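Shared chain: chain A. Partners: chain B in the first complex, chain C in the second.
Take a look at the complex of A and B:
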């Protein structure tokens, strides 16, 4: 996982841990837009949302004891974790010392209420334009556009610019990839091991990883970070397939807009008008699972027919069949997906809509050397398993899962440590004496009683040498 | 630490909520009269209900909702998430100040309620509420939603191990304002059993009027909450604290439970709510007083005259007693 995600608590959205590090003033400014309050509310987990709802309609502060009595005995730990999260986001600031009165941050309370009731004159949900039917812009077209933009970035990463078909992304994206440590090297950037791991995460997580990087460089570019977050949140509350006017946008919004068009979050056909794509409107709709894939499935539910070639559809639905004999069949012709599979599979044949290959020790070793873990490979296989595979229980054949894990352990079997080997002791008493001393400084890495050998760290070595020399001087009977 | 509760707080399936709104115009008129401590008119109520609905929809964008109105004599589906969205006609600048899904749902529900209320003015004669019909409609709708979600995720452990077996955890919230209608006892009990089988929790919020025995039982038997509004000016606070959390959250944040439940039943013969009555030992039908018939009106079993006599229901001894049918006992309600 790239750096920002590593700090996130399990199950918490990575943006929240980023926001928790921001100053109270920035957060209060962020909450001045109703759409931002609503989007933030959606990123929280169910318990945190409920706590906010409990406090939302109370006018004055309430003693924390009053609310504590609602918590069941088993729910104590999750409740306290939720309260800590809300305090760190300054949504429900912790009470001042010596008091236990709690209330929502006034700015959050006012604007979240506005978001739920509607009204006011903040225009933070986007100003829709009249429908322009002549343009031929529909949801399907927007999905294709977004998938193309996003996949071309990923494809560039995976091929490290060597594949002629992968178009080179704009300078802004290259800079971002470099800054986030996903690619390294000037001029001809190469993908790093973090970059490989990035490729196997869900599109939602990928998007946020890059957007967080984008937020972290806003200071260098003299862009107001709070406004950028507000703009992202505003996009996330817009409706797919609706055109919005950019006339009310601030200067910051306009400059950010240009970058977001590159990422495929926004489609712009007419000047002063934009369409948000599915990448943008699903930014805050839940955790990793809710991406373009589930959005497509919910569309299928309502009976909308989807063309089979749509890249988003293939990206969302599972396409990998894995057999117990390590053979893998991937029903795809998407160059990005083939490139990603190629990271850990040795490909054998390619047909018009099918790629075959097998998972071998070499192919997995290659992936492990790139910094990809066995768990990431398995989770990728699980999330992209073909519907046919879902008949199996467990989904991925146990033999293959275990073998991939074993291959990983095999790699970890050899541990490299710098140090010195002590050997050729003539008497076992000498051996034991020195070993005893080395143990007391806890510097022994490895020992073997039969061969009278042990291995110590460099610091331990110096200490042992002094010990032996001292014994020799004292005439302590070393051979 | 109990891992199941930690998990309950983290994992978060989309929730389905079916609202049953009691729209009896007569009761709303009574409720809005100034002689009450805190008068609450239908329009004030609806304003707060819309915010509650928005809060439910705000939590996740795949949360679903159905609203059913119970009117005198009939019930009607007012809104369902699978309805096709109507055209949004608000002016653009106005639209920018509210979240589009909220505006569309609220607008649709408000206009449908107005339509129905105008229609129902000439239905004064009908005393029977459409509540049972509304509950039945809700159960059918929930069943369909369940089937649909099962068909979509036809594999129990689909994409991730975290995915719950059923993506929906359906609930029903009845906003009741009318008194009990004892005629609807049998169909109501049948709906409760159906809800138990579907694992649907029925929450009841009694906004106006006295306790309703049957809805109390409905909440108790399905594991939902029953709440009588003590302060009607705080309706929204009650709604969002007690009825917004989905089932998984109720393990962490407690919701009010009933300390005593009125288990009285209505008799099958006169639809009277009875404390002590007679129960047919064969089919368990309840009668307040078996004087009119010497046999059970439901299953036809003949009651032994000896028992009827002993219980004091028959004064003169009958000439021919039939010993074939089983003795009849008294029971304390159901």
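Take a look at the complex of A and C:
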């Protein structure tokens, strides 16, 4: 399974860490589109953006010493971190050995200038169409469409296809979920422990997790990854509610477009014309991932409120009240949220805007059997706690927290390891000799000096047997 | 010196006592190592696991039945 890119630095967008692992040639090609330059710029943090602006309008290179004198002592560490990021993205490449002259990558400089000043016939921001006279497409409708698409994927994951109401996603999505390890099993995939963690993250992060996975399989599908990123960046700079023409799209764009329609990033009404949805236009809305995710989650709530009268719209989206007696009240009627809660709560009643239930040993056992950990349950409860709960300290009743952890431990009361028990050593020197060898292969599971016994893994056993046989042959001998 | 194939069970001492009781009905312990470790026969692992689970389950009481 391909790794979903390097570990992101705190506060850094996961796409940036992914891009940092790409070759210089790919990145230079990526920067040949003005929209890509602008979108990338929006993903960077404030300091990195300021550094780029400082360099952008300089024609020649600048000595790094000149830049250094601007940096205060306190600013040294953030400055260096920013310069490292920019260098890894090949935006501001590190100076060649023996030189200290810095300048923006020529391709980035040229095209970012173009993005800011306009002009050129690159068409990388999309080609807007005349207003569709048939009408019927507005921002609300697009939000509803995107929320439906996205939630149906999540709903499918959480119900693992057992819920008839959750429509089965397309093959492409199923493959992606399988490849990313979020669901496992052929034919009837089931959600994995990673899948549950995925459900707990913000919609923005979920989207990018899947898109990065999508990028990582572009190679085996013979799709040019750079073009895919350019296309995503292009969508992210488009305007919500505006229709765009697809006539200027390359073949790669067209094939990627089909997939993005499934994810709900793009809505297609007329042939050769598309509408980007909010999922697409918030893809790169700045380093402030919180604003973008709240935009999408508030939009997800509109989706819910349209399927009924939801009162989810409390600040921060928290809707769960948990009492010390393990009873849980969830102010929601979003089928997805109910399905997620149902993973670890035994639900008892359902009202127009509320579901009630309690956390029981059985319900937690069921979750644990599905590979969900106690910490994941608790962190979900914390993230989605109702504002009323925030008056409590600690947020989640300590009895419930401890009990969930205890139930988890109870499940792991017995550990099982296969292997071989070595025993009946006549002399302690023999015992120590063989044990020493087993230790060198770090395969000892258990040992007892007094009883002269130790337990090794199957691999360790084979190695020990060879060791003993060889010693016998060499006449080293054992007592 | 000899080596025997087996499965090492690591457990707490309470479970160990239950295992010893179960062992009297049907022997599966190959070697009783110490307070928290026993070796059992590889072909009995699944049986022991189930027996143990149902034994532990007897000591769990649920609120469910009492709630109106």
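As a working rule, the second predicted complex is superposed on the first by the 304 of 479 C-alpha atoms of A that agree within 3 Å, B and C clash if a C-alpha of one lies under 4 Å from a C-alpha of the other, contacts with A are read in each partner's own complex, and residues count from 1 in each chain.
Here is the rule we go by: a contact is a pair of C-beta atoms (placed from the backbone, for glycine too) under 8 Å apart; a residue touches a chain by one contact, two chains touch by 3 or more.
The model shown is predicted, which means the values in this text are computed figures rather than measured ones.
In the superposed model, A:174 lies in contact with neither chain B nor chain C. Legend: residue contacts after superposition of the two complexes on their common chain; A:445 is shown touching chain C, with no touch to chain B. Counting the residues of chain A that each partner touches, chain B and chain C differ, and the larger count belongs to B. Legend: residue contacts after superposition of the two complexes on their common chain; A:87 is shown touching neither chain B nor chain C.
Within the superposed three-chain model, A:462 lies out of touch with both chain B and chain C [touch as defined at top]. When both complexes are overlaid on chain A, the residue A:126 reaches chain B alone and has no touch with chain C. The contact surfaces that chain B and chain C form on chain A in the two complexes do not overlap at any residue. By the touch rule above, chain A contacts chain B in their complex via residues 10-11, 34-35, 38, 41-42, 45-47, 49-51, 53-54, 56-58, 70-72, 74-75, 77-79, 81-82, 114-130, 237-239, 242, 245, 248, 285-287, 289-290, 294, 297-298, 301-302, 382-383, 390-391, 393-395. Residues of chain B that touch chain A in their complex: 1-2, 4-6, 8-10, 12, 51, 54-55, 58-62, 82, 88, 92-93, 95-103, 106, 148, 152, 154-155, 157-160, 163, 236-237, 240-241, 244-246, 248-249, 251-254. Listing the residues of chain C that touch chain A in their complex gives 1-12, 15, 30-31, 33-34, 37, 39, 42, 45, 49, 52, 56, 60, 62-64, 67.
In the complex of the two chains, the chain A residues touching chain C come out as 326, 346, 358, 360-362, 410, 413-426, 430, 434, 445-446, 448, 451, 453, 455, 461, 464-465, 468, 478.
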